[in-house]
Amino acid sequence: VAHRVAVVGASGYGGVELLRLLAAHPSLDTEVVAAHSQAGTPVARLFPNLPGDRVFDAIDVEQLAALDLVFLATPHGPALELGAALYDAGVPVVDLSAAFRLSVDGFSTWYGEEHPRPDLAAGDPAAADDVVYGLPELDRSRLAGARLVANPGCYPTATLLGLAPLAPLLVPGSVVVDAKSGTSGAGRGTKDELHFSHVHGDLAAYGAPAHRHTGEIERWLPGELGPISFTPHLVPMSRGLLATCYGTVRDGVAAADLADALHDAYAAEPFVEVLPSGTFPHTKALAGSNGCQLSAVVDQRTGRVVVTSAIDNLGKGAAGQALQNANLLLGLEETTGLTAIGVYP
Amino acid sequence: VAHRVAVVGASGYGGVELLRLLAAHPSLDTEVVAAHSQAGTPVARLFPNLPGDRVFDAIDVEQLAALDLVFLATPHGPALELGAALYDAGVPVVDLSAAFRLSVDGFSTWYGEEHPRPDLAAGDPAAADDVVYGLPELDRSRLAGARLVANPGCYPTATLLGLAPLAPLLVPGSVVVDAKSGTSGAGRGTKDELHFSHVHGDLAAYGAPAHRHTGEIERWLPGELGPISFTPHLVPMSRGLLATCYGTVRDGVAAADLADALHDAYAAEPFVEVLPSGTFPHTKALAGSNGCQLSAVVDQRTGRVVVTSAIDNLGKGAAGQALQNANLLLGLEETTGLTAIGVYP
Amino acid sequence: VAHRVAVVGASGYGGVELLRLLAAHPSLDTEVVAAHSQAGTPVARLFPNLPGDRVFDAIDVEQLAALDLVFLATPHGPALELGAALYDAGVPVVDLSAAFRLSVDGFSTWYGEEHPRPDLAAGDPAAADDVVYGLPELDRSRLAGARLVANPGCYPTATLLGLAPLAPLLVPGSVVVDAKSGTSGAGRGTKDELHFSHVHGDLAAYGAPAHRHTGEIERWLPGELGPISFTPHLVPMSRGLLATCYGTVRDGVAAADLADALHDAYAAEPFVEVLPSGTFPHTKALAGSNGCQLSAVVDQRTGRVVVTSAIDNLGKGAAGQALQNANLLLGLEETTGLTAIGVYP
Amino acid sequence: VAHRVAVVGASGYGGVELLRLLAAHPSLDTEVVAAHSQAGTPVARLFPNLPGDRVFDAIDVEQLAALDLVFLATPHGPALELGAALYDAGVPVVDLSAAFRLSVDGFSTWYGEEHPRPDLAAGDPAAADDVVYGLPELDRSRLAGARLVANPGCYPTATLLGLAPLAPLLVPGSVVVDAKSGTSGAGRGTKDELHFSHVHGDLAAYGAPAHRHTGEIERWLPGELGPISFTPHLVPMSRGLLATCYGTVRDGVAAADLADALHDAYAAEPFVEVLPSGTFPHTKALAGSNGCQLSAVVDQRTGRVVVTSAIDNLGKGAAGQALQNANLLLGLEETTGLTAIGVYP
C-alpha cells in the first residue's frame, strides 16, 4: 500500500529534486505539489525535466493534514508555521529548512528570531522526543518514531559526516571548515551573483565568518570542540558540495586511530564511502545521488588531519536525505528510491 | 529470475553508464565487466561513482557465451569480431558501436572497411531477420525476436526521432542537420582537444562535412530525402546532445500537418515528449535519463521547418537506449530500470 | 591630444567591455560613464574587474554634447532618442543598439515600431551620408566621415563576415544560419533562463524563427539571397559566438572559387583570419579580442558550402567593433587599443 | 629601442600567455619561441589564439645567449640547466619554474633532488646578490639589478600577497591555506583527471598535505610562522586562483591593525587591490590580467582572520608577473604591457 505524501515549497530546488526522487519511489504517491508563489503555474515551466500538465497547487493545511507525510521545502519562515500546524495535527513532517534544527538559543543567535516552539526545536533540551535532527548515520535510533524530522543543511551534512567520528580525537578550538558548493545551494532566486555570465569561470568566498550553517555544525558536532571557523565558497557548477575540514590531532592519537574511527563509523553504511587516505573524493561522483564520499589524511608536519567530504547538495544535502529520513520514519527500507551511485561523467 | 548479462568495453563512457543503469535494474545481473585494455584495474580508479573493489575483467568469449545477453560497448573493430562470435554462439547481443548499423556498402563508404558479415549488417538487404537496428520508437516490431541489436549512434538517435515522422512532408535534398554534443560523446580518450582548459568557454564545429553519422542518418531516415548536410559541434558540457534539423516543407503541407505527424508518432511513447511549438527542448532536462524532448516550428518566410531534438548522448543516445533494447529483446517491460526524468538542475 | 568620450548605458555588458578597452586606449579619455538606472552606484559593485570609487553618472545630454564622441550602449529605445539628439547637436556617435541599423521598413517589421528618423536609419535609402552601418571589413570607405555609426549586432557580424564574400556564389533562398552564443549576449538582466544552475550543462535554441537579427543579416548580406533561416542557441559559456552558415553553391562554382573569395576579402584585414578548409574556428581563441576567425568547407555530396565564423560577442560583436569604428571615425589608426589575440586558454 | 627576448618552453600555458602579452608589449621583441618537444610545430596548432605560420623553434643556447633577456617556461629540470648556462653567459633570465625559488635544503626536501647551484637558489643564504625571488610587492629593491629572477609559483603568489603583511600579527603554527585553482594551473599535458568530461561539474582536493608549493610559501612568508597546512583544489574553470588563508590573530591585535597592515602594504601598488572587509574577491575579475584582489575579515568568535586572495594563475601567478619582473630588470616602467583589469564577464 502506498503512502500519500505532499511536497510543499515544490518550486525550489529541494522541491524539484524531491519530485524527481518521488516519481521513482515504489511506495510513495505524491498527492500534492504545493508552492505558494507559483500556484497554478505548470511545473514544466520551471522544471523542464518534469514535462506534462501538472500545475503547482496552493498550500491548504487541511488537505495536507489528511496525508501520510509532508515534506516541507519552503524557507524557514513558512516552515515554522506549517511544521507546527502539521505536527499538532498529527501528520509526520520532514522539514528541509532550518526551522527546527537548532536550540531556541541557537535559533535566536543565528537567525535573529525568537523560536515560537521550543518543543519543536530539535536541538533544544526542551524538544519533544519525536522531534529529531535527521542525520541517520550519526543517530538513526529515534527516526522510526519521529513525527517531525529536521533535515540537516547541506554544509552541516558534509561536515558532520566528515568530522563527527573524529571529534573525540581533535583539539578543541582547532577546527577550520573551508566549504565549497555549486550554485543550486543558493536557490532558484534570480540574483546578479547567480547570473551565468558572472559565475562561469569565477570562484569566490561569501558570507564569512557568520554563515548560519556555522551554528548548526557547532550544535551537532559531538564533543566540546568549541567555535569553528567556517567559510563557504561558490563554485562554478550547478550541483556538488565539498567540505575541507582541518583539525589538530590530540597528542598521542595516531593516524591509524583516525582511519579506524572513520572505518568503524561507516563500514555498514549504504550511503557513505570512506576512500583510502591519499585519494580525494570528487563531487561529481555523487551527482544526483544520496551518497557521501570522504577521506582523511594526516599531516605529520603540522599535526593536523584534513578530511574532505563530498556530497550532492541537493541529494544527501537536501532531498535525498529527506527521503532517507522519510523511509525510516515510515518504516520502509531506508534505501528505497535512493542510490549512492552518481551520474558520471 | 534474473538474467545474467555482461558489459564488454566497460571502461568507456557507454560502458560506465550501462553499469550505473544495471546496478538499479531489478532483473539483470551484471556478471562480467570486461575491458580489454583495463583488465585488472579497479573500476573505481576510472569511475569514482562506482566505488568498491570490483576490477575490470579480461574478455573471454567462452565465458560470455554462457550468459543471457551481452552488451558490447567497444569500438566498432572489436565489436565486429565479438558480435559475430557471440551471435554464432547464440547469445543475444546489443552492440553500441557502429559495427552493425549500416549496409555493407554504407559501411565501406563511411568506415573505409569491408564488412565481414553481410548477414549481420542491420542496414543491409542481406541482414538476417533477427539482426535489427534498435530505435524502438521508429520500429519496435522486430526487437522482441532480435538476437543482434545494432544500437543507434547518438546523433542519429536525436536526428531520426526529430525528422522521421516528418520525412514524407519534406522536400528531398533540403535537409540540414546542425548538431551539438557534450564532450562525453567524444569518448574517454585523453586528447588535446578534450582538455578541460581548452573546452571550457569554447565552441567549435568538427568533422564536417564527412562525419560518419551522416551515413547512418541517411540510411535510416524514411523516404528518399537524398543526401543531407550534417555538421557536429563540441559544446562545453559533459552530457547532452541537441540536433537542430532544417527541412523545406512540401507544397501544400500545413504547419498543423507537421504537428500532427509528430504528435501521432509519439503520443504513446514513454520516452519521447513533444513540446509545444515555439518552446525549445533543453538538453539538461534529460541529463542521466533515457528521454528525448523535441519541438518543431515552421518559418513561413522561408518555407522551412526547424526541429530541435534533445537527448542525453549517454542515455537515449547510448546506454539508456541499449537497455531499452535489451528489455524488449528479453521480453521485459520496456521501461524497466529507465526514466525519462533528467537530473535538473 | 586625447579625445574626450562618453559611454552611455555603461552598466550593461557592452558598456563594461568598452570601459575595459577604453582604459587601455592611449588617446581616448573616458569623461562620462553614464547609466540611467544605476546613476550613483559604484561601477565596482556591478563589475568587479573595475575596482575603485567611480560611480555611474546620470545621463545629461548637454554634458554629452560637449564631448568628442559618444558611445551609446543602451537598449534601442533610449538610443533612438539620444542618438538623434546628439547627432543633431553635431556630436559623433557610435551606437551599439539596433536603433539605426535597418531601413525604416525593416525596423517596423522586426522591431514593431515606427522609426522616427529615416535620415538616421543606416539601412534606409533616405539615410544621410554620414550615417553608416559600421562593419569596416565590408565597407570602411564612409566611416572616416561618419557622424553616426550603427554598430552591427553580434550575430550579424559573425554571419556577414562569413557569408558576404561568398554571396555572389550562392543560390538565392538556400541560406541557413545556425548560430550559437554565450550568455553575455543575452545581457545582464537576471532571468530564470540565465541562472547559472539552469545554463550550466544545458543547451537550447531560442527565438526561432523570428529573431530580430534575421532582418539585419538579410538587409546587409550582399546580393539577392532572399529570406534566410536563422536559429540562435544559448551555449553554456559567458563569451563567444559561432555562426554555422550553410548555402548551396551555384552551378559551375568550384571550391577554389569560394576559398579565393574569402582570401581576397580578408588577406589584408588585421582582425579577420581565414583558417584552412577542414579546420574550424574556436570561439575561445577570440575571447576578449576584436578578432574573427572563419573557415569554409564544401560538401560535394550536397553541393553546399559550410562556413563557420567565430567572434567574441562582446568584442568584434559589440564593444571591440565599436572602438574600431570610433578609431576610424576619429581618424586614428584603426587597430589602436584593440587586439586580434584572445585570452587562451 | 626594443629589447630582444626569447620564450623557452613556449608550448606550455605559461609560455603561450607570455607570447600573448609580448605581442602587445611596445619595447620587447620576441625573437625566439622555443619548445623542445614541439620544434617545427606551428604555434597555431597548439594555440589557436595565435594564428599564422610561426613554428616553435628548437632550443639553441648560443642563440639565446645573444639576446637581451630569456623567459624560461620549461619544467624545473630543464630550467636548472638552461638557467645556469644563460646566467653564466651573462644573459638575464626570468624563470617561471621552481628551479631557483627555494634554498638548497628546501629544494632537496620538496623536489627530492640536489640543487646543483647554491649560488642560483634564490632562497638560499649562498645565493648571489643578482639572483632574486621575484615578488615585487614584497621586495622590488633588488629586481633592477637582478640577472636571474625566480618567478614565484601561482599558489605562493596569491598566498604571500594575502598573508605577508599580516604575518607579524599572527600566531605561529596557526596558518591554514585552503587554495583553489582552475585547470590551466595543472598544465597542458593530457591526463584523465584533466579531461573535460571529468572536470566539468566536479571539485576535488589533490596533493595534500605535501604539495610542493607548501615549501615555497613557508620559505617566503615573513616571520617565524612555522609549518603551514596547505591544501589545493581543482575547480572547474580554466583560469583563476583563490587562496583562502586562516590565521589566529595575536593577543592584543585589533581588526583595524590588520586592515591597516594590508592598506599600508598595497596603497601604492598598481596591481594589488584591497577590497573592503566583508566583500570577497572574485577570480573572474582578474581573468587575463596581472592583478590581485584580496580582502580580510576577522572572526571574533574564533580569533582568526580569514584572508581571501584572488589572481589569474597564468597572469599574476605566472606570465604576467614574469613580465612585470622583466620590466623591472630591464629598467622599463613596471606596468608596461600589463593591466590590472580582467576580462569580465
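In this document, chain identifiers A, B, C and D correspond to the written order of the chains, with residue numbering beginning at 1 in each.
Everything that follows uses one rule, which is that a residue touches a chain if its C-beta (ideal position, glycine included) is under 8 Å from a C-beta of that chain, and two chains touch if they have at least 3 such contacts.
This one's a predicted model, so the numbers in the text were calculated from it and none came from an experiment.
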From chain B, the most remote chain by mean C-alpha position: D
For chain B paired with chain D, centre-to-centre distance based on mean C-alpha positions, whole Å: 46
Approximate Å spacing (C-alpha centroids) for the pair chain C, chain D: 36
Chain C: positions in contact with at least two other chains: 13, 182, 184, 195, 197-198, 200-201, 236-239, 281-282, 284, 287, 345
Touch-based graph of the chains, sorted into line, ring, star, complete or other: complete
Chain D to chain A touching residues, read off their complex: 173, 176, 178, 180, 182, 195, 197-198, 200-206, 208-210, 227-229, 231, 233, 235-240, 242, 244, 246, 280-284, 287, 297-299, 301-302, 304, 306, 308, 310, 345
Of all residues in chain A, those that touch chain B in their complex: 13, 16, 20, 23-24, 47-51, 184, 200-201, 238-239, 273, 275, 281-282, 284-289, 293, 339, 341-345
Chain B residues touching chain D - in the complex, by the definition given at the top: 13, 46, 182-184, 188, 190-192, 194-201, 236-238
